[in-house]
Structure formats: structure tokens, C-alpha cells
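Shared chain: chain A. Partners: chain B in the first complex, chain C in the second.
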Partner chain A sequence: MATVTLNQAEKTYANGYKAIHGIDLEIQHGEFTVLVGPSGCGKSTLLRMIAGLESISDGEISIDDKVVNKVAPADRDIAMVFQNYALYPHMSNYNNMAYGLRNRGHSKSEIDSKVREAARILQLEDHLERKPSQLSGGQRQRVAMGRAIVRQPKVFLFDEPLSNLDAKLRVDMRLEIKNLQQRLGITSVYVTHDQVEAMTLADRLIVMKGGIAEQIGSPIDIYEKPETLFVAGFIGSPAMNFLPGKVSDDRTHVVVGDKVKLDLDHDVEAGRNVTVGIRPEHFRLCGDDAGPVSASVRMVESLGAETLVYLDFGIGNENVTLRVQGTHQFAKGTVLTLSITPDMIHLFDSETGKRI
Partner chain B sequence: MKRVQFEHSAVPYLFVAPQILIISIFFLWPAAQAVYQSFLLEDAFGMSSQFVWFRNFEDVLSSSSWTRSAIFTVVFSVLVSVLSIAISLFLAVRADEVVRGAKSYKTLLMWGYAIAPPVAGLLGNMLFNPLMGDLYMAFNSFGFEFNHIENANDAAFVVILIAVWKQVSVNFIFFLSGLQGIPKSVQEAATLDCKSPERRFWTITFPLLAPTTFFLLVINLTYAFFETFGIIDVSTKGSPGGATATLVYKVYVDGFLGADLGGSSAQSVLLMIMVSVLTVFQFRFIERKVHY
Partner chain C sequence: MYQSKWRIFTNHAILILGALFMIMPVWIAFVSSTHTREFVFQNGLQFWPGEHFFENYGAILFDPSATKGRVTALEMLFNSMVLGLGFAIGKVIISMMAAYAIVYFRFKLAVPLFWVVFSTLLLPLEVRIVPSYEVVASLGLLNTYTGLILPLIASATGTFFFRQFYRSVPDELLEAARLDGAGPIRFFIDILVPLSVTMIAAIFIIMFVVGWNQYLWPLLMTTDDQLYTIVIGIKQVYNSLYEGGQIPQFPKAFALTIMATIPPVLVVVVFQRMFVKGLVETEK
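Let's look at the complex of A and B:
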């Protein structure tokens, strides 16, 4: 168990490119922190800085209140799971797990019991004598996890560990990782670009963009109260709908396009240009009753448990996505009436993209 | 294993015909000639020859000069291979770590590849010339009584030095690409698992380079056996007294300079057998250990 503290951590590459712009973060004992963001946002760089694989240009990173800026990776007492497993191809799976322990001078019997214990937890007992090349992707990732847990490090670092697995295995391994982390109670930092992984695994979520932490908070907080347009669009699938709007003079509603008026209970000045954000799942179908919004159907995608409907709100070519439970058949051009409760409407400043 | 069989046609044979022709003209035919010649004894003027069964082989195997040359060849090949592999591995690992000016280092180290063995021999010849050779002068001014013209060990040192120098650049290129073929994440995982860079090299990098090393061992032994001919011919010419003549060089000296075609053919047949045995040995015993 350990804490990880980042104090204005920065990374500038030799060519002058600044990948990380001063990040402050405090990760508590046993907390599962997920760094999420699009590719190139600096999330992997930040993780590698904690691991010691990238130098820290400015600021400090500490593990258990000890500054580790100049500490060798092997001495930081961390373990990392890589995207492409990074197993040693010439060693048996047993030796892959034992390697780190051997280099730290553990006794033979101690190593053996630790490796066998890890193999038992990860159901790898039958594969210990084989080489990684003889295993499937999921098993290899388990060996990589085993290599991390045998050392009982202070911190686990995961660099997109599930990206190379197929969809079904990814869900299984996701549960397994969460389960394992809770059981062992080891502080973890996990990097992913997959927002489902981020939402399900995280105790605390850090949404990154362009080397900056856009928002830090619990997954549900971030889903319910995204601080910026970027976070609002990145978290949630299908993505939140954004519509340009203007607050009416009496401040009771916002006008979107020519014909759509949405009720508001936000405290916002009259006449202000805003971006209205509405999650696809927050629209309600009004059936035959007259609702405040009507729009025609452009396309329907049925997923079985739910149906995604793409609507024409009369704002250029932009589709507005609607997500309804169950199966529905709507012909193209059908006019649907919808309603939305005011507290489900997110307002963002059109210029700064900040939440209002 | 079952394979799909296509209808027979002449086209595939046409495609392999040029290669078969080349192998036949430049390898099978001369080899057959050598085997045939090795059973013949020719008179000094090449006017007549007589079939003598294995007498040429008996003569060769019982001659002390052949035994000496065989021992020299083995020592020479092992030393050249091991030294050039070790040196180039060291250089490749170092060059791989360099961050600034990496390209210049690599280019400079690869340059030697463009030099033909006889040119390398000529360079060596000049460096060790007793009248103006810089290395010759340097060694003697340090107090070594270095004389490769008369001393067999010194002469061997000269040929080995040139042969190793010439081969280092070839090995360097292969090791460098081998090193770059090791996934970066595997090396990073090793930095997390093992603090000592030396230990990391011997437990991770070197085993992963084993296939490259095995391949280079085969290439280098072949090089030392056959391709060093040019170096020896230009630098020492086998002197003093045949002490630096490899088996290949001796075949040439006895056959073409000594005009003993039968004996020289017998030598080349023996050489062929030795190389075949070596090849089988390499693939049977060593390659098995480098698979992963």
C-alpha cells in the first residue's frame, strides 16, 4: 500500500515538445486511478514517468512521500503491465514471474511459493513450464499480471493492458483486474483510451487532453457533471449531443436552432450564447402526446436491448442521437416528440467550453 | 503434411533451370572433377596420369605440413569467429545505446563492410611493413620484438587481426538489427525487474540475440575457412614456412604453385568433408539450443 503524489509534474522532450503540462495529483492508499484520454493526450507518458521509464522534466513525483525523480525504475517498488505483454520470450512462464524476485535476492523456496501462489490466483498452474509463445493472448496477459503481483509492489501500473485482447476476453479480464486489485488492495494507476474500461474500473478518473488533466473525479461525478465540453463528449457512449443555443430573454428556456425550445432552471444571464449538451439516454419519448421537441427520424440502429435513433433537429446536417430502451421500429421520416427534464441539460460556454 | 498438388507442367522447371545450371557448372562439375582428380597421380609436366586409388589421401594425411595447416585453420577460424563476434557485439550494444550522433557512429562502424578482403590484406600489409608500417614500428618501439616475417605466432597475429577487423563490420550490422528487433517494452519490463544493466544484458538481451549469434557463427566460420584466402594471399602468403596457410590456401599453393594436382584435389575433397561435418554439427547441436 502506498500513496503516489504528483506535484506539478512536467515532461518536455528534447525536441521542445511539451507532453505534460504540470499535473497535480494525489493518489490514496489502495486507490484505483484511471487515466483516460484520446491518443496523444499524454496519459501513457505520465504513467511512464511514474514508472521511471521517462525522465521528469520539472516538478516532482513521490511514492509514499519519497521523491522518486532520480530513483531507478527497479528501485521504485512498482510493477507494470504492458499493452503487448512484454514477456521474456526465451523464458518459461515460471521464470518470467520469478525473474524480478531472483534479481532482488529472494530465496529459492520463497520465490517458488510466491510464483505458485500467483499462478493459483490467475489459474496458470498448468502453464508454468511453457513458454509465453505457447499461450493465448489472455493467458499471456495473465502471466504479465502474475509477474506484477508476485513482487507485491507498492504500486501497480497498467498501460492499456486489455487493448490487444478480443472483446469478450477484455470484459472478463476487466472484471478480473478489478477483483484482483480490490483483493490485494494495491494502489493502481491504469491507462486506457476506452471509456467503458475507465468508467468501470476507476475509483477516481482523470480525463486528460493535450497533456493537461481536464477533470479529476469519481466516474459518476464526471458523467453527471462534466466540467468541459471535451470531457462531456469523451465520457459516455454514444457521445453527448451538442447543440448551439441561445438563452431566452426571460431566462426560462434556451432556444436551439429555429424551432426547438428547451426549459431551463439554470442560473444564466439572458441572451448568452451557449452550447447545450444532452446525453442520448436523457431524452424521453412522449408517444402520441405533444412534447416540447419534435424531430424526424434519419436512421435507426437496433442493438436489441436498446435502440439508437438519429434525429434531424433542423440544425444543418448534424444528427442528434436518441437512446431508448428495448426494440423500436421507426420508419425514416417519422416525426417523434421528445421531452427532457431541465436538470438533465448541460450548458457550456460557447467560447471557453467550460460548464455553466 | 498434405499439400495441394497442382497439375504438372514444365514451367516450374524452367524457372529453376538457371539456378540449377549455375550450381552444376560452378559447383557440381568442379567438385566431381576434384573427386576424380584426387584419385590420379600426374607426372610433373602433366603429360600422363595414372589411377592410384587412395594414395593421394594417404600422402596428405601423413604429411606433417597438412596436419599443421589443419591445426592452424581450426585455431584461426575459432579465434577469428569468436573475436569478431565478441567485438562487434560489444560495439553494437554500445552504438545502440548512443543517443546523440548515433547515425555517425553506426555508419563509421559499418564502413569496413565495403572493403574487399584482398584490400584489407593490403592495408594490413602496409601497416605491418618492416620499413614503414606504423603498427610494426609501434609494436617494436614498445619493446615487443615483433617480427611477423620470421616468427610464426606474430604472423598468425597479423592475419587474425586483419581477418577480425574485416569481419567486425558485417557482424556489427547483424547485431545492431538484432538488437533493434528486441521489443522495446521487453527491455523496459527488464529495467523494472532488474537493476543491473550487465545482468540484464546476460539474462535478457544476449539470449534474445542467440539466433543472430548462431547465424553469425556459421557465417564467420565459413568466412574464416574460405574468404580469408584473399587476406592471406596479400599479407603473409602463408609464410613463414606455411605457418599461416589455412587449408584453402594450402590447396591453392600445392595445386597451382606446386603443380601437385592430385594431392591438392585430395586436400580439397578432405576440406569438403570437414565442412559438411561441421555444417551438420552446427545445425544438429547448436541450433537446437537457440530456439525459443
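Let's look at the complex of A and C:
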């Protein structure tokens, strides 16, 4: 177990591209931290800086209060699981797991017991003598995990470890990773661009964009109180609806388009231009009663357990997504009345994109 | 693909003709080497084996006078073997290490150095043979195996092929190995070398054959018969066929030629197995 601390960590690549713009972060003992963000935002770069595979251009990274900027990857006592597994193709799975231990001079019997223990945990006992090429994707992923856990490192680093697996296996492996991490209690940093993985795995979530940490917090905090428009749009699926609005003169409403008026309990000045964010799951259908919002149906997608309805809010071509439980049949053009409680309304500054 | 009977027939006919065309000279040389010299002299080249196989090959292998020098074919085969193996093994090792340095170590001159090495591909041995001779001579290495092999073992071709291969090895393997505590030497030995087996076999085959067939270089480097390679021996035997008013020793000359081809063929056959096996395993 260990803590990982980043202090204004920066990365400028050799070609002059600045991939990380100063990140501060403190990861606690045994915490599962997830880095999430769109492609190219610097997640892998940051992870690789922690691993020591990329140099740190500025700032400091410490593991257990010891600055590791100049420490070689092997001496940082970390283990990493790569997206493409990076197993040694010519070695048996046993040797793949044993290799790191051998290089560290463990005794044969010690290596054997550690590898067998890891294989037992990961249900790989029957595959130890085979080569990685003779395993399925999920099994290879397990071998890669095994290679990481045999060493009992201070920190686990995962770079999109599940993105090469099919959807079902991904769910299984996700649970397995979470389970394993909790059982072993090893501090972990996990990179993904899949927000379901991010939400389910994280004790703490870091949403990155363009080399900076947009928001750091527990998944639920980030879901409930996104600090910026970017975070609000990135976390949650289907994505949050954004509507341009203006706060009414008496500050009790926000007016969207020309017909929709939403109750507010925010403290904002009158007449301010804002972006209103509402999650698709936070609308409530009012049945036949008159509700505060009415909109006509443009399209319906049934997913079985839930139904996504795309509505015309009278703000141009943009759809507003509504998510309701169960299956519903709405003909195109049906007018639905909806309500929304004020505390489910997010307001963002139209210019800065910051939460109000 | 659908093929008519005719098509199959003509395809095979062409292939069989081609194969015969390639094999005939070898066959003629072989069967002619199993007759007495008088017989061949009177009746010309032969198409069917005679009865003097053991006699002729025995003489060539063990009797220095049969090869017109003071060495037997066996000794020359040994010399060629040393040259071929030294040449091939040396080239494989040197070019693997050179490529390793070029691909995996970021030193300032890596790229220009690579191009310098690469451009020497364009220079055949003959261009530098005189200066190389000077160097070997002044080091006192004439008439030694070292002098024969050492100046030839730098290989631009090998370096180039290994470089291309290393660049195709995923970076993550190196990174995983670094995290696993493998230093540069361990990574090379434990990971890169086993992954390169196919490549090594291919380059080894090519280089062995090239080394085996060297003529000009060993001719210059060796004045001592004891170091003659089989290729020089063949040349010498053919040169002296019509000397001294004797009946030309065609059968033994042919025997020597046939023997000279056997080791390269064996190397190709053995290593091709490995080569194909390597290919199949990495494909999976």
C-alpha cells in the first residue's frame, strides 16, 4: 500500500508538445483512482509518468512521500497492465508471470508459490504451461494482471486494460478487477475512456481534458455536481442536455427558447445568460396532468429496460433527450408534459462554462 | 480457383521442365564423378552412375594429390566451414547488436550513423578489398582464420534487416520488461533474441551461403595451402585439368564440386525448418 502524490506535474514531449499542464493530485493508501477523458487528453501520458516510462518535465511525483522523478521504473515498485497486454509472446504464461520475480532475484520456490497463488486467484491454473498466443483475450488479460500482482507492488497502473475485450467480458473483468483490488488493497490508478468503467471502478475520479484535471472527486459527486460544462457533458450516458437560457427578472425562473420556463432555486442575478444542464433521467413524465414543460416527440429508441425519447424543445434542430423507465410507445409528434425539480437543474456560465 | 485439366497439365509440365533444367547439370556432374577418368575422357559426360564412387570420393577427401595441392578436400571443407560459420555467426551477432543500439538507444548520432552503415550496402567487397588487405596484413593476420573472417563480419544488410524487425516489436514489450526489472542486456537476451529466431535463421542461411562462396577474399588472404577453402580448391583443380599431358581428372573435379555444394544445402535445409517453424509460431 502506498500513497501517490503529484505536485504540479508537467510533461512536454521532445517535439515541444505540452501534454500535461501541471496536475496536483493526492492518492491515498489503497485508493482506486480512475483517470477518464477523451482521446488525446493525456491520460496515458500521466500514467506513464507515474510509471517512470516518461520523464517528468516539471513538478514532482512521489510515491510514499519519496520523490521518484529520477527513479527507474523497476525501482518504483509499481506494476502496469497494458491495453495490448504486452505479454512476452515466446514465454509460457508461467514464465510471463515469473519473469519480474526472477529479475529481482527471488528464490525458485518463492517464485513458484507466488505464481501459483496468482494463477489460483485469477483461475489460470490450467493455462500456466501454454503460451499467451494459445489463450483467449480475457485469459491473456488475466495473465497480464497476474504478472502485475505476483510482485505485490505498491501501486497498480492500468492503461485501458479492458478496451480490447468484448462487451460482456468487459463487464465481467471490470467486476473482477474491482474485487481483486479491494481484496489486495493496492493503490491503483486506472485509465479509461469508458465512463461506465470510470463510474463503477473509481473511489476517486479524475476527469481530464487537454492535459489538465477538469475535476477531481468521487464519481457521485462528479455526476451530481459537475464543475464545468465539459465534465457535465462527459460524465453520464446519454449525455446531459444543454439548453441556452436566460434568468427571469424575478430570478425564480430560467427561460429556455421561447416557450419553456423552468423553476429555479439557484442564487443568480436576473437577466444573466446561462447554459441549463438537465440529465435525461431527471425529467419526469406528468401523464395527462399539465406540467411546466411540454414538448413534442421527434424520435423514440426502446432499449427494453428503458426508453430514450428525443424531444423538440423549440430551440432549433437540437433534440432534448428524455430517459424513462420501461417501454413506451409514443408516436412522432405526440406532445408530452414534463416536470423537473429545481435541484436537478444545473446552471453553467455561458461564457466560461463554469458551474454557477 | 478453378483450373481446367489442361491448365494443370501445362502448369506441371512447365514446373517439371524447369526443375529438370536446374537439376540436370548437378546430376550430370554427380554421375560423371563416379566413373574413371579414362572412361569419361573417352565417352564424354555420363547420365548414369558408374562404379567408382567410393574410389573417387575417397581420393578427393583424403589424398592431397587428388586436389593438386598439399591439402585434402576434407581440410578445405573444414576451412570453408570455419569461414562460412564464422562469417554467418559473426554477422548475425554484430548486426543484431548494432541494430539494437540504433533502435533502442537514443544517442545523438543514431540516425546519421544508421545511414552511414546503410550506405555501405552500396559498396561491394571488391571496392574495399585492397585497403582491407592492407589492414589485415599490417595486423599480421594473413593466413589466419581471424584475418579471413574478422574484416567481413560487419554487415549492413543484416543490420538493416534487424533494425526493421526491432522496429516492428511493440514498445510495450520493452516497457513491460523495464517494469519487470530487466536491464538493457537482459531485455536483449531474454526477449529480443528469442523473438528474432526467425530473422536469425534467415540471415544465417543467407550469410552462410555468401561466406561459403567467397572466392576473391580468401584467395587474397591466404597464401598457405593449409587455409585454402573449397571454392579455391575447385578453381585450382579445374585450372590444372589439362596440365602435364595427363588424362584430365574430370571425375575428381566433379566430385570436389559436388562435395562443395553439400554443406550449404544442408544448412539451408536445416535452418529452413527452423525458419518456417518460427514463422508459424509467431503467426498464431
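Brief remarks on what is shown
Throughout what follows, the second predicted complex is superposed on the first by the 356 of 356 C-alpha atoms of A that agree within 3 Å, B and C clash if a C-alpha of one lies under 4 Å from a C-alpha of the other, contacts with A are read in each partner's own complex, and residues count from 1 in each chain.
In this section, a contact is a pair of C-beta atoms (placed from the backbone, for glycine too) under 8 Å apart; a residue touches a chain by one contact, two chains touch by 3 or more.
Remember, it's a predicted structure, so these values are computed and weren't measured experimentally.
In the model built by aligning both structures on chain A, chain B clashes with chain C. Once the two complexes are overlaid on the shared chain, A:354 sits clear of chain B and of chain C alike. Contacts of A:89 after superposition: both chain B and chain C are touched.
Shared-chain residue A:29: touches no atom of chain B or chain C.
Of the two partner chains placed by the overlay, chain B and chain C both lie in contact with A:133.
Within the superposed three-chain model, A:74 lies in touch with chain B and with chain C [touch as defined at top]. Taken together, the two structures place residues 51-53, 72-74, 78-80, 82, 84, 86-90, 99-100, 103, 133, 147 of chain A in contact with chain B in one case and with chain C in the other. By the touch criterion given at the top, residues 183, 185-186, 188-196, 199, 203-204, 207-208, 210, 292 of chain B touch chain A in their complex.
Across the interface of their complex, chain C is touched by residues 51-53, 72-74, 78-80, 82, 84, 86-91, 99-100, 103-104, 133-134, 147 of chain A.
Every residue of chain A that touches chain B in the complex is listed here, in rising order: 51-53, 72-75, 78-80, 82-84, 86-90, 99-100, 103, 131, 133, 147. The part of chain C that touches chain A in the complex is made up of residues 170, 172-173, 175-182, 186, 190-191, 194-195, 281-282, 284.
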